[in-house]
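Shared chain: chain A. Partners: chain B in the first complex, chain C in the second.
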Partner chain A sequence: MKNRLRPYYPLLPVFAAYLVLFLLGRNVAGMWQLTATLLFYCALGQAFNIFLGMTGYVDFGYVAFLGVGTYGMATAITGLAGYPQLGLWAVALGFVLAMLMATLLSVAVGAVALRLRGAYFAIATIGVSEGFRFLIEGANLWNGSSGMIFTSQLNKLLGRDLASSVMTFWADVLVLAIAVAAAIVTLLYMKSKIGYALTALREDEDAAKVMGINVTRYKILAFITSACFAGAVGAASWALKTPYVFPPEVFEIHYTIEAIIIVMLGGAGTMLGPIVGALIYGISKYYLSIFLPGFQLFIFALVIIFIIVMFPEGVVGVIKGKTRRTAIAPYIL
Partner chain B sequence: MLQLENVTKRFGGLVAVDTVSLEITEGEFVGIVGPNGSGKTTLFNVINGVFYPEEGRVFFNGIDITRMPPYKRAPLGIGRTFQIPRPFASATVRENVAVGAMFGFQGRTLNVEQSLEVADQVIERIGLAGHGFKNAGILTPVEKKFMEIARALAMKPRLLLMDEAMAGMHPGEIDNVVQFLVDVAKEEGIAIVAMVEHIMRAVVNMAEKVIVLDYGEKIVDAPTREALSDPRVVDVYLGEGAKEDNADG
Partner chain C sequence: MIMEQLAGNMVQGLVLGSVYGMATMGLSLIFGVLKVVNVGHGAFVMVGAFVALFFFNALGLNPVFAVPAAFAIGIVLGLAFYYAAIRKLLHAPELATLLATFSVGVLLEETVKMIFGSEFRGYNWDLGNVDLVFTALPISKIFAAFGSVLIALLLYLWFKRTRTGSAMRSVVEDSRGAEVCGVNVDGVYAMSFALGIGLTVASGVLLTMFIPVGINPYMGGGYTLKAFVIAVLGGLSSPYGAFFGGLVFGLIENTSYTMFALIPGVEPFALTRFLSFLILLIILLIRPTGIIKAK
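Here is the complex of A and B:
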């Protein structure tokens, strides 16, 4: 029994981290806002890690998946506002639509861009989020640049009280649930042939092909999975938490950069890395802007340079290497 | 088992492989010999699908694989090692070798754990026991070569293409590797095609047949002793006229 559960040990530190975070947020006055931000970064990091960490491909247009996810939820809530009997089902349908749209976008982008390698892929994907934003604005999709505000529709569907607790609390809990789900999927991938195939193609794509690995298939699988989670994060954190959406906000490249920093800081391709990265990034960003307002980016740059130089494999990558032969090794992945 | 029919591969104006036909039968040990730039690596790349030829056809066990992508050839039983080892550096030796088992000839029937068991057996057998949990990136160059051979053998190939696998090893090691390969190949019925640039010693010891390439053309295809004493081979290696000085080749 003990042996059969051993592959799932790496989930323990992940769950422990989320539990501590959640309890701190609930029980310490004034902490929920910081907790929510950290949960968002954790979920973002874990979703992105499935692609960036496992394949080694850097998607600079990743925020687009969060963006379309936000629009998916917005569309569902607005469109279903006339059926108040749906209640929470409308939110569920919103998630389905958000993930569906993110999946479709990832298939479209992946089919073209995943033929490119390394820096070429990175450059091609920068165009995706910017292009999508200008498409929405230019073609006047979803109200174009005037965006969508759907607070009243959410109130109609859920009632004022529930809608407000969704915005202030349950949306963040959903983000936590998405982060947990992403962690579980990451582990399942890592422990299956998918993980081995992705590691192989990350390290040497041509050798992987010769070893019998259909690299395109596995890359697209990781890309879609990652995009699907991003869509859900967008729907929960950006649509339900703040029921409005404007193209410049949800296609802001800044979030892609944050996601890359979080994954690299924590350890790309590790299970625990995105959480560690999210906590370091989120906490230092928050407190630096309180104690040294105006200087936070400057100091933050130094912190990041220091960590990247000291731990090129990310914090968890280094810990994993150092603990390989110790008792905690089964928990660090 | 493997047949090439009039295969030609060009790079722009350069004909890297020029109307080559050859046949490899099951369990055979073949050396491919030729100077730098004679088309050996290109020939390997055509056989395992890295390049598709412009002309001619490639058959494996009767199936036309001329334009089949490489990842579909591995499950048919075509394995390959590279001249410069290409380990999956961040993975452990065990995981590297398991990848071979997982996606190779028996890959579909093996789950992850069974693949790791196959990996452990092959690692033990090739003499890398104790290195299994090391990252492949930190192995010495020679250990990397052994690991790459192990990874290819874990694929349980029917045909193993070895690209200059023994370069950089000292003679004692080469003898060991050759003996090891001969044993495994006999046991498992693997045909091995080994590309040899410099190490004639290895060819003479292991190959039953030698194919000599020069400027992309096949000039000799004969049993080893016969091939190596062929005057054309002496020409290719030592330059024309050398045979007068080195009459015994």
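Here is the complex of A and C:
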């Protein structure tokens, strides 16, 4: 019994962290706003880690998947506003649409960009994200640059009370659920053939290919999984929490960078890394903006350069190295 | 009417394109030699723009003097960043250098913001216009284009005629081979990075002729993305390729704007940007070595 459950031990610290975060947010007055931000960063990091951490490919246009997810939810809510009897089902359909659109985009992008490696891949993905944004604005898709505002449609569908509790509370709970799901999928991937294939691919793609691993298949699988979660995060954290969407906001490259920082800070390719990274990043960003407003970006840039140079393997990477062969080793992955 | 407008825009496009090209040579040089993509590229362009602004407004000197000063500042910045961070990351995964160069860009933006503030500024170097039949071209822009071509030519000669230049070319070809032949590869890396940044900061001065009131600490982001498209047009690792890529890009940007403006119900400016990224993807897919220089 003990041995059969042992591979799942790394989920315990993950769940514990989320539980503590949730309880703190619920029970300490004025904390929910910060908790919600931290949950968003956790989910973002957890989702991005599935691709960035496991394959080592740098998707510089990751925010595009959050963006289309937001548009997916927006489309569903606006389109279904005429059927108030649907109620919460409309939100569920919104999630389906958001994840579907993110998946479709990732299949299209993956087919093109995943043929490229390294810097070429990074540049191609920036191109996709920016290009998509300008296509929406230029061709006036989804109202173009004037964006979509759908607060009234959400109110019509759910009723004013439910809609406002969705915006202030349930959207964040959904983000938490997405983060947990992404953590579970990460562990399942890591413990299966997929994880080994991706590790081989990350270390040396050509060698992995020669060994007979179908690297393309696993790369695309990780890419799509990661994008699908990103779509859900966009739908919950952006569309439901603040029911409007403008192209420059949801395709803002800084979110991609934040995701990279979170994964890198915590430790790319580790299970616990994204949470640790999200907590460090989110909490320090919050307090820096209070105590040193205007200087937070400057300080962050310095800290990030320092960390990349001194601890490229991230916090969890360091801990993992230090605790090898100790009692807590099975819990840290 | 439309043909005249198109011809005028093409001339403007070529003039702007030569500056675009020069503004991308540093990016391509750094990628070619060090295999590092400088995601903070635009921030260095911004520094150059502020050097021009400072020379014009505070010192009363025209941009001709600002170019060498900006180049020198760029060399110093380049050497500082190379030895502080980039050198230690040359063998790290791409992730590390991408994030490091991005952070360097943020550091520059924030520093400039602390010194000059974040409002939009500009200066006007008015030398009159040259009246071509279908368009009027400000003489300051002609100076900028002339400066770009001159700098590109000097770089070309430096690569072809000097020992350091050929050492750099040998490292682009095969860094290990060059090391075996006695080339100081670390020195070449440092010098190429510094030279690349120097060119980029200098190009920022020339760009200010095209943006009368567009100087701002955060102006660089758009130039980083344009530079990516241009660099990819030129094959990403060739500075001359980048120069011609800039000319092509300037032409595409200006002519497609004229064309898109004819379609009702669209935003031509955004579609122009979309087109440039579409071109980026197509080239990366079918010919990642660039379309300008077949090799």
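By definition in this document, the second predicted complex is superposed on the first by the 332 of 333 C-alpha atoms of A that agree within 3 Å, B and C clash if a C-alpha of one lies under 4 Å from a C-alpha of the other, contacts with A are read in each partner's own complex, and residues count from 1 in each chain.
Convention: contacts are C-beta pairs under 8 Å (C-beta built on N, C-alpha and C of every residue); 3 or more make two chains touch, one makes a residue touch a chain.
Since this is a predicted model, take the numbers as computed values, not measurements.
Of the two partner chains placed by the overlay, only chain B lies in contact with A:R324; chain C stays clear of it. One of chain B and chain C touches more residues of chain A, and that partner is C. Contacts of A:P274 after superposition: neither chain B nor chain C is touched.
In the superposed model, A:A119 lies in contact with chain C only, and not with chain B. Of the two partner chains placed by superposition, only chain B is touched by A:K209; chain C is not.
In the superposed model, A:S192 makes contact with chain B only, not with chain C. Of the two partner chains placed by the overlay, neither chain B nor chain C lies in contact with A:G72.
In the superposed model, A:G144 makes contact with chain C only, not with chain B.
In the superposition on chain A, A:A200 makes contact with chain B only, not with chain C.
In the three-chain superposition model, chain A touches chain B and chain C at no common residue.
Residues 31, 35, 37, 39, 84-85, 88-89, 92-96, 98-100, 102-104, 106-107, 109-111, 114, 221, 225, 228-229, 232, 236, 260, 265-274, 277-278, 280-281, 284-285, 288 of chain C are the ones touching chain A in the complex.
Chain A meets chain C in the complex at residues 52, 56, 58, 60, 112-113, 115-116, 118-120, 122-124, 126-128, 130-131, 134-135, 137-140, 144-145, 253, 257, 260-261, 264, 268, 295, 297-298, 300-302, 304-305, 308-309, 312. If you check the complex, the residues on chain B that touch chain A are 48-50, 69-75, 80, 82, 86-91, 95, 98-100, 102-104, 107, 111-112, 115, 133, 151, 155. On chain A, the positions that touch chain B within their shared complex are 191-193, 196-197, 199-200, 202-204, 206-215, 269, 324.
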